[in-house]
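Starting off with a structure, shown below.
By letter and in written order, the chains are A, B, C, D, E, F, G, H, I, J, K and L; residue numbering begins at 1 in each of them.
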Amino acid sequence: MAYRILLIHGPNLNLLGDREPSHYGTMKLEEINARMERLAEEHGAELRALQSNSEGALIDAIQEARLWADGIIINPGAYTHYSYALRDALAAVRLPAVEVHLSNVHAREEFRRTSVIAPVVTGTVAGLGWRGYAAALDALLGLLADGGGGQS
Amino acid sequence: MAYRILLIHGPNLNLLGDREPSHYGTMKLEEINARMERLAEEHGAELRALQSNSEGALIDAIQEARLWADGIIINPGAYTHYSYALRDALAAVRLPAVEVHLSNVHAREEFRRTSVIAPVVTGTVAGLGWRGYAAALDALLGLLADGGGGQS
Amino acid sequence: MAYRILLIHGPNLNLLGDREPSHYGTMKLEEINARMERLAEEHGAELRALQSNSEGALIDAIQEARLWADGIIINPGAYTHYSYALRDALAAVRLPAVEVHLSNVHAREEFRRTSVIAPVVTGTVAGLGWRGYAAALDALLGLLADGGGGQS
Amino acid sequence: MAYRILLIHGPNLNLLGDREPSHYGTMKLEEINARMERLAEEHGAELRALQSNSEGALIDAIQEARLWADGIIINPGAYTHYSYALRDALAAVRLPAVEVHLSNVHAREEFRRTSVIAPVVTGTVAGLGWRGYAAALDALLGLLADGGGGQS
Amino acid sequence: MAYRILLIHGPNLNLLGDREPSHYGTMKLEEINARMERLAEEHGAELRALQSNSEGALIDAIQEARLWADGIIINPGAYTHYSYALRDALAAVRLPAVEVHLSNVHAREEFRRTSVIAPVVTGTVAGLGWRGYAAALDALLGLLADGGGGQS
Amino acid sequence: MAYRILLIHGPNLNLLGDREPSHYGTMKLEEINARMERLAEEHGAELRALQSNSEGALIDAIQEARLWADGIIINPGAYTHYSYALRDALAAVRLPAVEVHLSNVHAREEFRRTSVIAPVVTGTVAGLGWRGYAAALDALLGLLADGGGGQS
Amino acid sequence: MAYRILLIHGPNLNLLGDREPSHYGTMKLEEINARMERLAEEHGAELRALQSNSEGALIDAIQEARLWADGIIINPGAYTHYSYALRDALAAVRLPAVEVHLSNVHAREEFRRTSVIAPVVTGTVAGLGWRGYAAALDALLGLLADGGGGQS
Amino acid sequence: MAYRILLIHGPNLNLLGDREPSHYGTMKLEEINARMERLAEEHGAELRALQSNSEGALIDAIQEARLWADGIIINPGAYTHYSYALRDALAAVRLPAVEVHLSNVHAREEFRRTSVIAPVVTGTVAGLGWRGYAAALDALLGLLADGGGGQS
Amino acid sequence: MAYRILLIHGPNLNLLGDREPSHYGTMKLEEINARMERLAEEHGAELRALQSNSEGALIDAIQEARLWADGIIINPGAYTHYSYALRDALAAVRLPAVEVHLSNVHAREEFRRTSVIAPVVTGTVAGLGWRGYAAALDALLGLLADGGGGQS
Amino acid sequence: MAYRILLIHGPNLNLLGDREPSHYGTMKLEEINARMERLAEEHGAELRALQSNSEGALIDAIQEARLWADGIIINPGAYTHYSYALRDALAAVRLPAVEVHLSNVHAREEFRRTSVIAPVVTGTVAGLGWRGYAAALDALLGLLADGGGGQS
Amino acid sequence: MAYRILLIHGPNLNLLGDREPSHYGTMKLEEINARMERLAEEHGAELRALQSNSEGALIDAIQEARLWADGIIINPGAYTHYSYALRDALAAVRLPAVEVHLSNVHAREEFRRTSVIAPVVTGTVAGLGWRGYAAALDALLGLLADGGGGQS
Amino acid sequence: MAYRILLIHGPNLNLLGDREPSHYGTMKLEEINARMERLAEEHGAELRALQSNSEGALIDAIQEARLWADGIIINPGAYTHYSYALRDALAAVRLPAVEVHLSNVHAREEFRRTSVIAPVVTGTVAGLGWRGYAAALDALLGLLADGGGGQS
């Protein structure tokens, strides 16, 4: 069976490559998405990517994933730190999900150390750059293949 | 060139498989280490694993890694939450390092959400079970191949 | 005179019936809205319901209510806990308003105990399931009939 | 079956009508109790009301309710904010219970925003004046008729 | 060279003149924008104004300003207090920016004293009513003429 | 009528130009005062400037301003963060007042983000360098001309 | 006119003379009451004293004072630190009241520094031993003679 | 000499056996008291037991113990967490005292981890069920036999 | 023997009568000092009064009091809340001292509830207006006549 | 069946008798261990005692106890306050365990009031001197005889 | 080259020898200054000492040191804990500086553990009595001789 | 008499010279120890140095010092911030002790500003590099020669 994965990028991640490259690297979002689609294909899976600056649009996308996706990879951007609405959406759809951050959020401003999302996802990856997305996909597909990964 | 990686497991991780399987899974530490060694080999790298319940012994091992290793993967166990001595050791050796937790520490007791280690490592992975170690190794070797990964 | 009431549902409430039924019950949002419309009619009042996952859309709706509504019933969902923008909208329109939560937010995660909305509404109801909306409507219409209920 | 409800008023509520009418309104406690008894009768239920300034007497009344009542409506007055003994009594008797406040406690002094009682009751109502008691009764009888409302 | 400035108004500022005039004055937003446009013209500059209740739309506008504007004046409304996403947008575009508040936010509720935006802008103005916008524009154009004002 | 304005500079501001130019710029205090006097004259107003390292002397000057001045511009330097005595003096004289900081205090050490002065002044300006004083003067004279600006 | 004053002593004050004399002195409660009655008589006033270990009984006494007393002197003992119910009683009766402590509560355990009572009384006296009661009586009678002292 | 011990049970402990048996066990209070009286007898001591829901009554009992008892065993129930009045009573009578809790208060809600009583007693026992009372009695009698146990 | 008392008034108290009369009353400082001198004379004592806005001058005066005074009455004004230097001076001279506040500092802004002075004085009086000074003098002379009042 | 109990003493407890006897008494560790061994024998049980200053050695001992012991008595010394590694070891082995402190930790420095160990043990005893160990042993053997005492 | 050192003593240090000798010793300030001058001479350096109770005067002295001194030794007395103005002065003059305290400030009241000065000086010495000044001088002269010691 | 001093270096100090030289300088630990031994000899004293990464080993060394040493100089490294076990060891042996840090811990990360060791030592030195050890030795020998330096 071909697993289907939703890859969600939150606010300001459309500026990747451009924005503070010391934190976020120089690779553009399109390139990351392209690599992730290829990687999914190599695993016989399908990946659809989406970016939005709007909290409501991100919630809509998560809710719709109930209807077609087997798992979610999400970089919530700055919503990580306060969007309990995003958290509730992830908790409500009950799909296995991995939270990814490009930079090591623990080595930056204090507010970046708090994630209101982390308690409702399966796992988190931070500081590994674009490789973090790949790691999340590998693990997510592995968990799905094991028949698990959902929230208990 | 064959990269050499130190894999460190902190206190109580020798009980894996046995201890609170709902958090930590049923795979034994020996099995994880064996898988990691094979995976390293597949990448043409070498991995040496070590477990200790003693903070001092873990610090000694990190210090010695300066002399032979190219990177560190560390699951600091409960030392994650208070061992500034371990943190200082990792900062002092200046090797690329990834902190790994088997369980999603953010979904458990409040004290598990604080890592004093995270600000000095390259990245962190949590909640992905044994796959988290594999993800860390993949990313670490990728970073080394890119010629980077160390702390700036 | 027929009072007109706006009933607003915040993020993820469109999933009602589906989502964590132990917290939120098994009744769907459509059913709650239908019951509320009937109840309003029985009181000779009119009720219009609206759900959105978008903070901006919720604010827009509250602002427009200045032009047609006599009172507001709002379940702000997770925006309860951080949306000072929603709070400012409610304070700005100066209509009597009741904040409703389906579950007993005080018996769940710590963050759910803080409402930034509560200080600017007339009253709050929590933990009474769909009956909480009915209670809010009864009280709101009673207050309006008394000629009051607005914020001083 | 005729449900029997205990209505408990905590410290200083015997002064209602007299005391800070901008917060508590001008209706006297006797009038509220009379209205509530009539309302209960209309629903084919029985309501007994009690006021005391003494924490111990309130606990005694709650404990005795185990022997005759089907539900509790309680305005704990200032004990709301610190009486863990009252909380333990409510938790111990395991009857469905609704906490009511006449004023919007969230719009007043900071200390009034904390309820140590709320986590152990079924639901809470605040800021709706005497109508809050009526709302609580309606909801409580509805929950009992549904066969539930107790604490899980 | 004619500098181009983006003037952004956050949630609920479209109600200006109407809303809590003791805090926000009686001048309407259209009037403020008109005055600001005239003032810009007098300085040989161009000013474009925008208001939205939506966090995502505000972020979009800031991101687009990278392509045409030389500086930003922003009254983030209530987003001031929690929108790290707005903050990240301002930090990412690296344009000189001034945060303006009509009222003296320091003399109101405690939560209004915290700005998550302030650390990433050039400067802040509060409590000077519509004159605060004029002051921001004067200073911003002066800084641009000096060849600076951007974030280091 | 010619308005008279007191311009007060607190501790260490006599070192301007010399001291940490990355924060405070290279313009000397004498130059700022001279510019401000000229600017006041252009508006038909009179400005008297004063600097002191002594909290008591600053309070004395504020108290005396009751007898001759129409408004106050004050950069309290480090007293901003703890001098409740200065705050009480400003509150007691009830003149319109603007607090000015040369640097963006919100982008520096945590303690600089707290102003005990701000709640009793009309408005605040920060991060705009010497232009902040000019902005404060413009706004203050405008407010006085409008017949207001004092504390309510 | 002869003013009538209620003097209330809270829990454990019946042990005075006996209990921790380094904090509370060696004078017995009866002796203090006798002195206070004489002192009241000398001022042409009447004083009635009461001690109870029960929070409810203290509230009852305060409520009854509405019917006969012109002012209250109260040493709330340890209830000082948490009895919001006592505070509400004092606020409700709206009589001028002075809070007295025999010892200097500020020089003892941290918890003794917080009084939940102080914000609703006219004034407070601490650390002056039995003389504190005399000082409170003098001031209270003076305020009554001035025609004031009540809470606004 | 036959030591005399007061055994005090605070609020809601009269419900033992009935109330939340997973925390408090299934043994009734009468049975515990009977066991304790027998155990005291076996040691040649006398034990008198008392339960009350009223804080004032508990304080009265402690004060009276000065006149007849050699030591106190107290389970303050929920008063543990806030009754500084109870604490003051125990400190005032200066008898050796042991605080006992049936359940492990440290493994339950956060508020149960704070005891305002503990700093003034000789020792504490928690989590050992009814055996905790026996342990307290053994230790208390041992301390008395050693000629000590009082507070210094 | 004729006791000699130093009466110290801190910052902004020279404005009494003028400044915020709802908090501080309408009596001028000169009038208070005159009353206090007469009152001291009536007791056969001598009182010298001093006001300064300068923390250093207040400390100097306290230090000099070692050489001539038997006791100190001090209203530290806003220095109450942060002047550890004033506190150290009072602790160093080891004279009996009473801290007086005209207004009820506990019923105003949060910061006014903290006194860094209170732990080192004999006692405190607040909220009794000018009568507070008289109360302090009475008590201080009484304590001196008893041969005590100093700090242990 | 003869139960086997591990008695563990943490850092600095080898100095007992010598170290701060006002807190810890004058009995040496050897004497306590000898008494405990005799007491265990009297109950037909076996007790093995161990002291170490090393956190790692204590964890090792707890882990090994899985293989031979039926219960644990532990005085973690200062590790009580921060060793989450010790806590995890106790939680992992899932044996009934009692935490013992010789002194009343609640009557000493603030940091001694926090135990990170207490939430994972069966019960705690403090302040009863060497008798605390005896009380722990009695209770532990009783719990084992009841067939319980382990962590659920 | 002969280094010139400014030795500054803050408030109440003029009372040394007299004041709380258990904390501060019995040596007078003059004696300390004399010893320090001799010690400086022995090192071929010059030391000028100054004491003031006035924050402003201390700042003035630090500012003037820019013009003649090579380093500063400062005991800020109680200003240590809150004088950000003193801190700014030390940061502004950019001379190597050592903060000295006679007593071990960490073993006294909680507020003495915070130094707002320490982050801007080269080093700190506490608890070594007058020897602390000598240690500071030795180290300061050594650093100057090494050609460093200033703040980077 | 020749005083004997123990010099203890905590975790990671064996890397001195190598590790973050901007904080810790370029001198190796061996060199520091050699200098300290020579300096001790010059004073007619004996110094023995020891480094360990193990908390237990450091505690063992401190305990053994009771048997041979007259004083302790300790740089606890990162254990400074959390090792209450090390603190208890130092308190237990009751030898005069000085805590030394090479870098100015107050100018670095927030966690480095807290020392759990400082309240039990005689004094502290920080930020003076290797000279801090020399300063500690000088002061310690001086205190011993004065016949004091121990903890009271």
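Remarks
Following the convention adopted for this analysis, a residue touches a chain if its C-beta (ideal position, glycine included) is under 8 Å from a C-beta of that chain, and two chains touch if they have at least 3 such contacts.
Everything numeric here is computed off the predicted structure, so don't read it as measured data.
Contacts with subunit A and subunit J are shared by B.
The mean-CA centres of subunit I and subunit K are about 32 angstrom from one another, to the nearest whole unit.
Between the CA-based centres of subunit D and subunit K the separation comes to 63 Å, rounded to the whole angstrom.
Chain centres here are Cα means. That of subunit D falls 48 Å from that of subunit E.
Subunit G and subunit L have centres, each the mean of its CA atoms, that are 54 Å apart. Each of the following residues of subunit C touches two or more other chains: 54-57, 82. The complete set of chain-chain contacts reads A-B, A-C, A-E, B-J, B-L, C-D, C-E, D-G, D-H, E-F, F-I, F-K, G-H, G-I, H-J, I-K, J-L, K-L. On the side of subunit F, the complex with subunit K involves touching residues 10-12, 14-15, 18-20, 52-57, 77-79, 81-82, 111. The touching residues of subunit G, when paired with subunit D in their complex, are 54-57, 59-60, 63, 82-85, 87-89, 91-92, 116.
Within the complex formed with subunit J, the residues of subunit H that make contact are 98, 104, 106-107, 113, 115, 118-129, 131-132, 134-136, 138-139, 142-143.
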